[in-house]
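Labels run A, B, C and D following the written order; every chain starts at residue 1.
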Amino acid sequence: MEIHAKQVRPDSKNRADRARMLISCPDGPGIVAAVSHFLHQHGANIVQSDQYTMDPAGGMFFMRIEFDLPQLLVNLPKLEADFAEVASRFQMEWTLSAVSRKKKLAIFVSKEDHCLVELLWQWQAGDLDADIALVVSNHLDMKDYVESFGIPYHHIPVTADTKKEAEQRQLDVIGNDVDVIILARYMQIISPMFIEHYRNRIINIHHSFLPAFVGGKPYAQAYNRGVKIIGATAHYVTEELDGGPIIEQDVQRVSHGDDVTELKRIGRTIERVVLARAVKWHVEDRVLVHENKTVVF
Amino acid sequence: MEIHAKQVRPDSKNRADRARMLISCPDGPGIVAAVSHFLHQHGANIVQSDQYTMDPAGGMFFMRIEFDLPQLLVNLPKLEADFAEVASRFQMEWTLSAVSRKKKLAIFVSKEDHCLVELLWQWQAGDLDADIALVVSNHLDMKDYVESFGIPYHHIPVTADTKKEAEQRQLDVIGNDVDVIILARYMQIISPMFIEHYRNRIINIHHSFLPAFVGGKPYAQAYNRGVKIIGATAHYVTEELDGGPIIEQDVQRVSHGDDVTELKRIGRTIERVVLARAVKWHVEDRVLVHENKTVVF
Amino acid sequence: MEIHAKQVRPDSKNRADRARMLISCPDGPGIVAAVSHFLHQHGANIVQSDQYTMDPAGGMFFMRIEFDLPQLLVNLPKLEADFAEVASRFQMEWTLSAVSRKKKLAIFVSKEDHCLVELLWQWQAGDLDADIALVVSNHLDMKDYVESFGIPYHHIPVTADTKKEAEQRQLDVIGNDVDVIILARYMQIISPMFIEHYRNRIINIHHSFLPAFVGGKPYAQAYNRGVKIIGATAHYVTEELDGGPIIEQDVQRVSHGDDVTELKRIGRTIERVVLARAVKWHVEDRVLVHENKTVVF
Amino acid sequence: MEIHAKQVRPDSKNRADRARMLISCPDGPGIVAAVSHFLHQHGANIVQSDQYTMDPAGGMFFMRIEFDLPQLLVNLPKLEADFAEVASRFQMEWTLSAVSRKKKLAIFVSKEDHCLVELLWQWQAGDLDADIALVVSNHLDMKDYVESFGIPYHHIPVTADTKKEAEQRQLDVIGNDVDVIILARYMQIISPMFIEHYRNRIINIHHSFLPAFVGGKPYAQAYNRGVKIIGATAHYVTEELDGGPIIEQDVQRVSHGDDVTELKRIGRTIERVVLARAVKWHVEDRVLVHENKTVVF
C-alpha cells in the first residue's frame, strides 16, 4: 500500500504566482515605503503584509510580505537581483520564496511515533505544504510504516562512540536540498557541528512547557511538581539544551488524578499539535529569528 | 473618596507623536506603496502595520498603520488634508487618530455591575486608554459607586411607554463628544433610531457564545442544552438582536455539576474579560467592520 | 503491512481484577452507604468513586465506582446477582463491567478520514482501551487503509432509495457483540429505527460548537457569522438532528484571516481530539445519560 | 460610602444544614463503607462525594463529602465526637465544617491592587463565600479603599531590620479566628516562623506559570525567554520560595509583539482569576494537601 499526498488544493494560498518575503533590519524611516514601492514598480500586488518593530527608537524591524507577481518563476531571478540594492541600503537580512517551490523536510525520529505519524497524516491530507524528502532514525521501528508512504527511511544507529560518524552519515543522506530538519521525538542530542549546518533550521518538540522541566523525563518532573497544566514546546535547536528560540507552545489542563502514564498520553496530543503548527509556520515562512527569540507572523 | 485614573504610563505606546490610521477599500495594486510613500514623504515613521486582503481577486483590502510624526498635533490637519487625494484615488474609507487624543466612552448599565466595575478598575489602573465621559443607567443602584470615581451618572428610567423619550434623553446627555457607547450589561433593547446615531460604535456584551443562545436567559439555555463550555461575545449592536459584527469571544469549560447559578458566576468573569478586551481594541483603533464581520488587527 | 495494537500497558488502570459500576437512581438517604457496604461485604476495594446529585430535594443521583475484587471474573456473576436486591431497593439503573473485557467498537466513516485515522492511531498506540470490531462505510476510499490494520471493512453504499435496506445490512454486519458505534464523520442521517437499537450508544462528531451551526456546512456558517472561536461537539445520536446529549466539546481561536478552507483545516484537529476523548470516556464507563444531558465522571 | 456583601443567595449550596468533610488516610478496604455507613446511621444524607486513591496498593486515600444533616449546628459536636472512633480506626486526618460557618480571611497586600480588588468585588457580589476579617499591608496605598468596605486595614511597615517584629505584629492583629491568609501580591517573603502558624493555610499568587520563572520579575524573565504563553500560579506557601503545593494555574497566549508592560497587563487578569479560584476552592474545603502536592475536588 502506497499512500501519496493529495493534490494541493488550488486555493488562493498556493498559487503559481505567489511569493513570500521575510525581512529583518535595523529600524529606520522609509523601509515600508521602499519595499512596497519596489514591489509595485515590479508589477507585484501585495496580498498580505505584517510588520513589527521591537522599539521605534533604535530597535529591529521585521516584515513578512506575500505578493502575487505575474509569471513569478520567470521573473524571480531579476526581482532578487534588483532587490539587492534596496536590501543593501537598509542592511537587510532577507529571503524571497516562491510558494510553488515547496520546502523539503527531513524528519528525525527514534521510537515514539506519534509526532511522525501526525506529520505524515497532515502531509498526506494536503494540510502540510511541504515535501518530506526522507526520514532518519536511530531505530528500525518505523521503517515499514514510513516506506509504505514511498518515503526513504535511513536507519543510522547512534552510540556514544559512533556519534561523530553517525552525524556525518546523517548529513550525507540529507544532502544539500533539505530546507529544514524536524526532530519528531528524536532522542539524541545534536552536536554543535551538526547544528552549525542548519542554524535556525532544526525544529525540536520538547515535551514540556519550557522553560519548566528542561532536560529528561519532563512528564515525571511535572507529576512530581504537581502542576495543574502540562504543555509542549516547539523550538529551534541551539547549542543550549532545550534553550533555543521558541516557535510555539500549547498546554492542557490536568488533575491530581492523572499519573505519569496519563500525563504522557495527554501530552502526546499536545506534542503532535504543537510540532505540526511550528512546522507549518516554518514552511510558510512565518517565523523570523532574532537573537534567542522568534517573531511569528 | 474620589479615585482618579493613574497617570498613563510613559511607554512607547502612548507617545505624543504617535498616530493610527485605519483604511478599508477595494483591493488593487499599489495601495501599500501609495500609503507608505505618502507617510514617508510627510516625515512619518511607520512603527507597526497590519494588512489583510479578503480575496486578492476583487476583494476588500484592510489596513492599520501606527506611525510617529514629529509635532503630530500641529501637523495632523495638513496630513489629513493631503491624504484625501490618496484616499480618493483608491476609494478608501479611512480614519486618522492621534493616540494622545483619548477616545471618550459612555457606559450604559442596568443592575448587574460586574462589567462596569471591571471597566472602571481597568481605567483607574491605567490599562484602558480612554476617558469615561459618563455612565447612563435605567436604575439607581450604581450611582454612588460611579460618582465616587468623579464620573457623572445619569439615571434615565425606561419603560415600554417612555422608551422613545428616554432614548432622546440619553442622546442629549451623551452630547456630541462621545466616541463609543459600551452596553455593560444594559438590559434594554436599543432602537434603530438610536443605533443609527452610533453605527458600529455601540459595543454590547452578550452572555453566551453567539450564535448559540441568542436572546434571553442564555445561561439557562446553556444549562438545559448540557453544553460543556460556556462563553461570552462582545459585538457591535445592529438592528438584528444579538446579530451584529462579533469583536471578541472567549469561553470556559464547565461540567454537569454546575447549575445555572454557578454558570452565571463563571460567566461573569468571562463577560468582564471579553468586554474589556473588545473595548480596548476599539479604543486602540484595532477593529474594522465590513458588512457583518470584523477585522481585528 | 499489518499493524496490531500494542499490548495494553500493565498499569493500575487495566488490571484483571478491576471493575466499574455506573448507577443512576432517584436521590434518597443511604445510597452510598448501601453500595459501599455491599462492595465491602463482598470483598471489593473501592479505588475511585464519583457521585453527583442534581438536586438534594428530589433530584436524580448518579454514581461511578471503580473497585478491585480478587478473582473478579469468577466472582462477577454472583456479585451481579446479589446486587440486584440493592438496585431494586433504590430503583437503580446500573451497569457493572470488568475492565479486562474491552468494549467493542464499530466505526462508521464516509470520505473524510481524519477522525478514523486518529482512532486507529490511538488504538494502535495502546491509548484507546477497546477493540475495533469493524469499519462500515458508504464509500471505498478507506478500505485498503483499514484492512492494513487487520480490521474488517464493510462497504455498504447508501442512497435515498436503499437507505432502509442499507441500514439493515449495517445491523447485520455489526451483529450482537458491538457495544458502541462511532460516527467518525459519517455523512448520512441515521434513522430512528437504527437509533433504537443503539440508544445512547452511537457517538457522533459534529464539526461545530453546538448548538451553534446545527446542520450542514458548519464551517461555512461559522465563517459567514464571523465567530472568533470554532469548535467541535461529540454527542450521542438521537432522533433530533445534532440535538442529542453532549459528551464533550472543545474549541480553538481563529481570526478574520482564516477562510473556510483554513477553518476546516483547524477544525479537523479539534474534531479528532474531541471525538477521541468522547470515545475514551465512553469505553471507560465515564458517561451517564439522563434525559438529554450527560454526566461525565 | 460603605459597601456590604450581598446576602448570600439561598441556593442549595449554602444551606444551614449542609456540612463538608475532608479525609486523608492510608488506603485500605472498607473506608468508604465505614464513612458512608456512619453518616447514614447519624441521619445524614450525602449530596456529593469525591474520592481519589493515589495507588490502590499501599497509597494514600483522599475523600471529600458534602452532606445534609437536620439541625446540623446542634448535632455537629456529637457527630464529631462519634466520628473520632472511625477516624482512629483508619488513621485519618480529617476536618468537618458547617457550610454556614464561613471561613475568615486575612488578605495581605503591598502596592499592586488588582488581586485585592478582585477578591473584594467577588466578596461584595456574593460570589466568595467567606468573611474578610482584615487587610494587612506594608503600605498605606489601599487604606481608604479597603476601609470604604467597612473592613479593618492594618498598616504594618516591614524592613529588613524590623521583619521579625513586623511579623509578630501581623500575628497579633490576625488573632486566633482567621482560617486562611491570602497573599494578594504581597511582596515580602514570609519567614518559617510565620509559616509554621498557618501551615497549608497561606495562599500566594505567583505571577508566572511555575516552576518556570521562579523568583523575581517573572514577566521580564518570560519576555526574555520569548515564551508564547504566560501564566499565573496559586500555591500554598512553604519554606521553599515559590515551591509550595500548587492549587491552581492558568495561562494566556501572548505574542512577540507584547512587551513587558503588556505582559504585566495581560498577566494581571490571569493572576486575579487564578487567585480567586484558589481562594474559592480553599474556603469550600475542596483542597487537600499531601506532601508537596494538592488534591483538588
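Heads up, the rule we're going with is that a residue touches a chain if its C-beta (ideal position, glycine included) is under 8 Å from a C-beta of that chain, and two chains touch if they have at least 3 such contacts.
Everything numeric in this text was worked out from a predicted model, so none of it was measured.
Of the two chain pairs considered here, B-D and A-D, the higher C-beta contact count falls to A-D. Interface matching across A-B, A-C or B-C places the copy of C-D, with more than half of contact pairs shared by residue number, at A-B. Mean C-alpha position of chain B lies 36 Å from that of chain D.
We define each chain's centre as the mean of its Cα atoms; on that basis chain A and chain D are separated by 42 Å. Along chain B, residues 12, 48, 52, 257 each make contact with two or more other chains.
Put simply, chain D touches chain A in their complex at residues 52, 209-213, 225-229, 231, 245-251, 255-257, 292-296.
Taken together, the chain A residues at the contact with chain B in this complex read 12, 27-33, 36-37, 39-40, 43-53, 55-57, 68, 253.
Contacts from chain D toward chain B in the complex involve residues 1, 3, 9, 11-13, 48, 113-114, 117, 121, 125, 127, 144-145, 148, 257, 259, 261, 265, 268-269, 273.
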